[in-house]
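Next up: the structures, one after another.
Both of the next two complexes hold chain A, though its partner changes from chain B to chain C.
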Partner chain A sequence: MPNLPLVVENLSFRYRDRQETAIRNISFEAKPGDVLLIAGASGCGKTTLIRCINGLIPRSYKGEMTGSVRVFGEDTSTWKLAQISQKIGTVLQDPERQILGTKVLNEVAFGLENLGLPREEILERVDEALRLLKIFHLRERETFTLSGGEKQKVALAGVLAMRPSILLLDEPLASLDPASALDALDTARFLADQGMTILMVEHRVEDVLRIQPERVMFMSGGEIRYLGSLSGLSKVVNYREVKLRAEEIVERAKQDPPPAEIRILPGAAGKGESEALVKFEDVAFGYESDVEVLHGINLEIRRGDVIAVLGPNGAGKTTFVKHAIGLLKPKKGRVLVNGRDTREASVAQIASTLGYVFQSPSHMLFAPTVREELSFGPKNLHHSKEQIEQEVKEALRIVNLSDKEQDPPLALSFGQQKRVSIAAILAMQSRILVMDEPTAGQDYQNYMNFMDSILQLPSFEAILFITHDVDLAVIYANRVLIVNDGRLIADGKPQDVLRDFDQLKANRLVPTSLLALNLERFPATGRFMRAEALAHI
Partner chain B sequence: MLIPWRYRKRENSFIQSFDPRAWLIFYICFLFSALAFWDMRFLLPFFAGALFVLFTSGVKWHEIRRAFLFIVGFVFFFAVLTFLTGRGGVEHYTEEHLIHRFQASFSILGWVPALDITVERIVYALSQFLRVGSMAIMTILIPYSLNPALYGITFKGLGLNDKFAYAMDLTMRFIPTFARDFQLTVDAQRARGYELEKFSGGLIEQVRKMGPIFVPVVIHAIIGSEDIIDAMDLRAFGIGPRTWIDVLERKRRDRILIRFGVALLVISLALGILGYGGFWVPEAFLQLAGG
Partner chain C sequence: MNDRLSFYRKRNSPVHALNPFTKLILVSALIFYGLTAKGFWTATLMVAFVLLPLALASKLLKEYVGVALKVILPTAGFMFVMQSVFIPGGTTEIFRLGFISVELETVQRSYLIASRIFLFISAFVLLLLTTHPSELMSDLTRRGLPPQFAYVIISTLQIIPQMQAKAQTIIAAQRSRGLDTESSFFKRAGLLVPLVGPLVFGSLVEVEERAIAIEARGFTSTRTKTFLHDIPDTPADKFIRWTLTLFIIISLAARLWLS
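Coming up: the complex of A and B.
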């Protein structure tokens, strides 16, 4: 057998400070030109596997490792990290965590500079990588001004410039808008077609299926549960664990009983649904005095609204929702929460009415236990001890973390931390809930479960969430906003807004199989539904 | 991701017309030269020089307003504090000429609180303001004027090895990144009903209440550092001598600036050693105290 780019044999690893092994007996091989998709729930060992292959384990992350990783027939255990990095390139989950250079040119050249190559050769290779990814125009840009999709490509260019034979992509789509995600996937396919071996860890399985990966690995509990062709995946995995194409889910769900009907926002029913809880009146805003990033936003969030805010990376979505809780004050116009101008109320006062879940959990977690973390908000709002006890328990149940009550939140995985951050706001029992990308970095089963639970909570009268996941809007929203370039482009019912594919495309959104199926069946259903429900219509 | 200071290329900027290495050498010479004096006659040219650099830097007022007001306020506060307490200048003068004494009409355990306005205290406060003010102005301009993409090669060019030069580059960018993360954490906790403004209790209690801010900021900084180390390791950092693609060119004016800076330092130190430039009280001020 010729020396394959990558052969992994009986690989097991246990982190030094943990009792249980993170991965067990992993064996597989990858050929040149292969795209191998690695899927599985949060904490199943995907990232550990990637770290074993790229050498960060055991060099940076200590523990017990057995088995072998062979690159072109050579065992990498004796290689230095620098040697591995010339053969195996890694693009981390969040490109923000990988980019070191201030300018795109410096970023892409970083690895080559470290190898001590001549300056002319470095510049030549940098330009080659930038042209390959069609981002040569970004060469002189400062990295912090790039959009999410651009950052991803620049991080990839920095790795490609080192001309690796194997490319590891750790959740490359997690922070990208749908169109940027498609671009990233097309790039991966293109590189594989050039002969590169690509291992892609990704939760968004349905999206990756578009580029027809040669093989799929499904991991569970640190082991391989399935390794084989794409066609076999849907037969072995539960459609509730992995997001498959809507048609496949419909086929498989026909054999199961229909899903329980979700009663959305029961607390809002019968309370006068047209009342405006939050009102944006001609709101304009800019971080600097001469640059406006929000322009003339007019909007009402009414009782009973479940609003999905869609739009490309850097469109102003987060800036827009930060006005609702008063973290940002408009430069022109005004924002009213419960009839009160946010300029005249403190953020803490607004927080009792409107709960806001930040995008990144690491900016808020501080307490020694999950329980104390969740009590923090209600205590600030002067809830009683008994009330807090109940609120914390309920919030933990919703995000499926009841068994972690006494654990330190900072020791949990990213996905679990994100759920703690959501629970921390749920425990405050606000009337309006605002979530900024609640499902980013979460596995499918977990986020569908907590979204189901949150929407059925009696305490909320309106919910607004920012998302890149069009299906989340299809399944849960009764109103969709599209924000682009600081402007409100569309505002309406999902079936009206999401029907206009040209508008979606213009705003870097991509129709999904579930959206297409819902539109097709809309005359019969009269509303959008999840695929499991469509199976029984 | 590390974010840079608000640098941009400015038209006709005096400070930006020099090679960053030359400017940093001059800046260090300027700092140590100013430290050699307490005499207002010697300090005034330093202050005037700093103002010249400020007004020709091309940096807009709105860009530095916050940082500038903070530092000037800080300098002013300490100058006033020294003036009120009379501490700090005692090693420079042994005799004080009283202009006016404000005395309380009550006593505490026999001690009558009093504030002496003396010529020496006023002059010392002014000297301190000129001295620290000129250094602060020169310092504040650096992050707004030096191109962050050139930090690494600048420190390398100043003689540091590759690892230290890159570490300095990262450190320079860590400060604005830390400030951004701090603000994000404050926002996240305020959204949970936390009110920084309503702190009560003793000092220890107040520090304890800052936990929700400090813990995430510190943890985030540590995690961020680990990410940076991973990202560097994965791209072969530190395996040997590295190439720097940016090239700095030292021109004639840079050499002149360096020579001027070094000469300034040597002369200042020499004057200091020879006993010039020490604390000086103008004759006219002594008249205020009646001679």
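Coming up: the complex of A and C.
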């Protein structure tokens, strides 16, 4: 057998402070030019596998490791990290934590400087990597001014400049808008076609399928459950666990009983549309006095609205929704919550009607146990002890974390932390719920479950969420907003807004198989629905 | 984006053009002289006649005065008042308030300390305003400082604005959970945990992940590093550095000889 870029044999690992093994008996190999997609639910051992391959296990994360990782025929267990890094490049899930240089040029050159390459070669390789990723225009920018998507590309450029033979990508699409995600995938395909071996951990399976990965690995409970060609995957996995193409789900779901009908926002039903819960009147805003980032936003959030806010990275979506809770006050115009100007109410007061889930859970979580974390909000709102008890239990049930009540939130996985942060707001029983990218970094089954539960809660009268996932808008929203460049580009029913593919494209959105199928069946269905439901119509 | 991750402000000025190491020597000389000189007004005069003109020459007078008034003056002022009031030891009483007596000698000594602190911090602020952190790091590493040390120094310099930006987000997140930060001071003091908790835990996790990230990119490689940029080091820079060093030695010698 020739020396393959990567051969993993019987690999098992247990973290020092855990009882159970994180991965067990993992064996596979990867050829040059392979794209290997690694899928599986949160906590299935994907990240542990990546760490074993790039050498962080056992060098930085201690524990008990058996089996071997061989790179081009050599066992890497005796290699230094610096040596491994020349063969294996890793891009982390959160690019924020990977970027070290203050300027893009320095950031991309960092690894090459450490390797002691001649200066001309460094500059040549840096420019090559920047051009390849189409971000040459960012070369002289300060890294902290970049958007999330741009940061991800810069982090990738820094790794590519080292010309690794193997590239490990840990959820590279999590924070990208759909068009940027496609770009990133095309780049991965291109690199593989040049002979690189690519291992990609990703929840957004359907997106990755577009670039036809050579092989797919599906992990569950620390073991490989499926390893093989793309076509075999849909036969092995449950369509509720992994997001397959809509046609495949429809095909498979026909054999199952139809899914239960979801009654969206039962609390709003029967109360009529009446007055606006939140009202934006010609709102303009800028962080610095001379630069305006939001322009002339007019909007009413009414009872019964489930609003999806779509738009490219850095379009002003977060800035826009932060006005609803009064964290930002408009420079021009005004925002009314329950008829009250946000300038005249404190954020704490608004919080009793409007709950806001931040994008990053690490900005919220602090308490020693999940339980205390969840009771923090209701306590601030002076709920009674019995009430809090009830609210915490219910919120934990919805996000499927009832067994973690006594765990420290910060010891949980990223996906679980995100769910704790959502539960922390749910426990406050506000009437309006606002969520900033609730499903980012979550596995399909988990987020579908908690979205189903949240939408059926009787306490909410309106829900608004920011997302890059067009299907989330298709399945759950009854109103879609597109925000771009600080302006409200579109506002209407999903079937009207999402029908205009040219407009979607102009706003870096990409039609999905589910959207296409829904539009095709719309004359018969009269509304958008999930693929499982379409199977029975 | 309104938050920056370093103090640095780009300008086209003679101070910016100086080599980072020269500026570091300059700051050290100022601090050394300010701390050891016996004169009561020395530190104050140095702020007025060295730092302010330097800030003006850097085209950063507004920014410098802003930081001095908002951050340094309150710190130094607080120390001055506390020391004047609570540290006994003087003989000439100026006034008495109940059991607290304030003496002239204590006030003088407190002023001396406070003015030195003012000089100390503001000299560093000027260095940070005019020097890009990565340039300072590369220059020091090139002069033989181990990269690990340079990294620690730079992280420390960058951490304040970083923490500030992060603290703002955390405060926003907790206010959205009904935390009333707009209430009275005593109530606020009790609510420190939800604000400081994420800041500290978050930073610890970040430090660890960063350490891993830099290691994964060959930071600890034993090969000689390449430096991407040439940082200009002109004869004028060398002249200034030698003059300052000489100045320090002479002033030290003069003091020893005179005493």
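To be clear about the criterion, the second predicted complex is superposed on the first by the 536 of 537 C-alpha atoms of A that agree within 3 Å, B and C clash if a C-alpha of one lies under 4 Å from a C-alpha of the other, contacts with A are read in each partner's own complex, and residues count from 1 in each chain.
Here is the rule we go by: a residue touches a chain if its C-beta (ideal position, glycine included) is under 8 Å from a C-beta of that chain, and two chains touch if they have at least 3 such contacts.
Fair warning: this is a prediction, and the values are worked out from it, not measured in the lab.
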item: Side-by-side fit of chain B and chain C on chain A, or clash; value: clash
item: Touching partner for A:41 - first (chain B), second (chain C), both, neither; value: neither
item: Which superposed partner A:145 touches (first chain B, second chain C, both, neither); value: second
item: Which superposed partner A:176 touches (first chain B, second chain C, both, neither); value: neither
item: Touching partner for A:289 - first (chain B), second (chain C), both, neither; value: first
item: Touched partner set for A:106, first chain B, second chain C, both or neither; value: both
item: Which superposed partner A:118 touches (first chain B, second chain C, both, neither); value: both
item: Touching both chain C and chain B, counted on chain A across the two superposed complexes; value: 54, 56, 60, 80-82, 85-86, 90, 92, 97-98, 100-103, 105-106, 109-119, 122-123, 142, 144, 158-159, 162, 322, 325, 327, 346-348, 351-352, 355-356, 358, 360, 362-366, 376-377, 380-381, 410, 424-425, 428
item: Touching residues (chain side chain B, partner chain A) in the complex; value: 1-4, 62, 148-149, 151, 170, 173, 181, 184-185, 187-195, 197, 211-212, 214-216, 219-220, 223-224, 227-247
item: Chain C partner contacts - residues on chain A that touch it in the complex; value: 54-56, 60, 80-82, 85-86, 90, 92, 97-98, 100-103, 105-106, 109-119, 122-123, 142, 144-145, 158-159, 162, 287-288, 322, 325, 327, 346-348, 351-352, 355-356, 358, 360, 362-367, 376-377, 380-381, 410, 424-425, 428
item: Complex contact set, residues of chain C against chain A; value: 1-6, 132-134, 158, 166, 169-170, 172-182, 193-194, 197-198, 201-202, 205-206, 209-221, 223-228
item: Contacting residues of chain A [partner chain B, same complex]; value: 54, 56, 59-60, 80-82, 85-86, 90, 92, 96-103, 105-106, 109-119, 122-123, 142-144, 151, 158-159, 162, 289, 322, 325, 327, 346-348, 351-352, 355-356, 358, 360, 362-366, 376-377, 380-381, 410, 424-425, 428
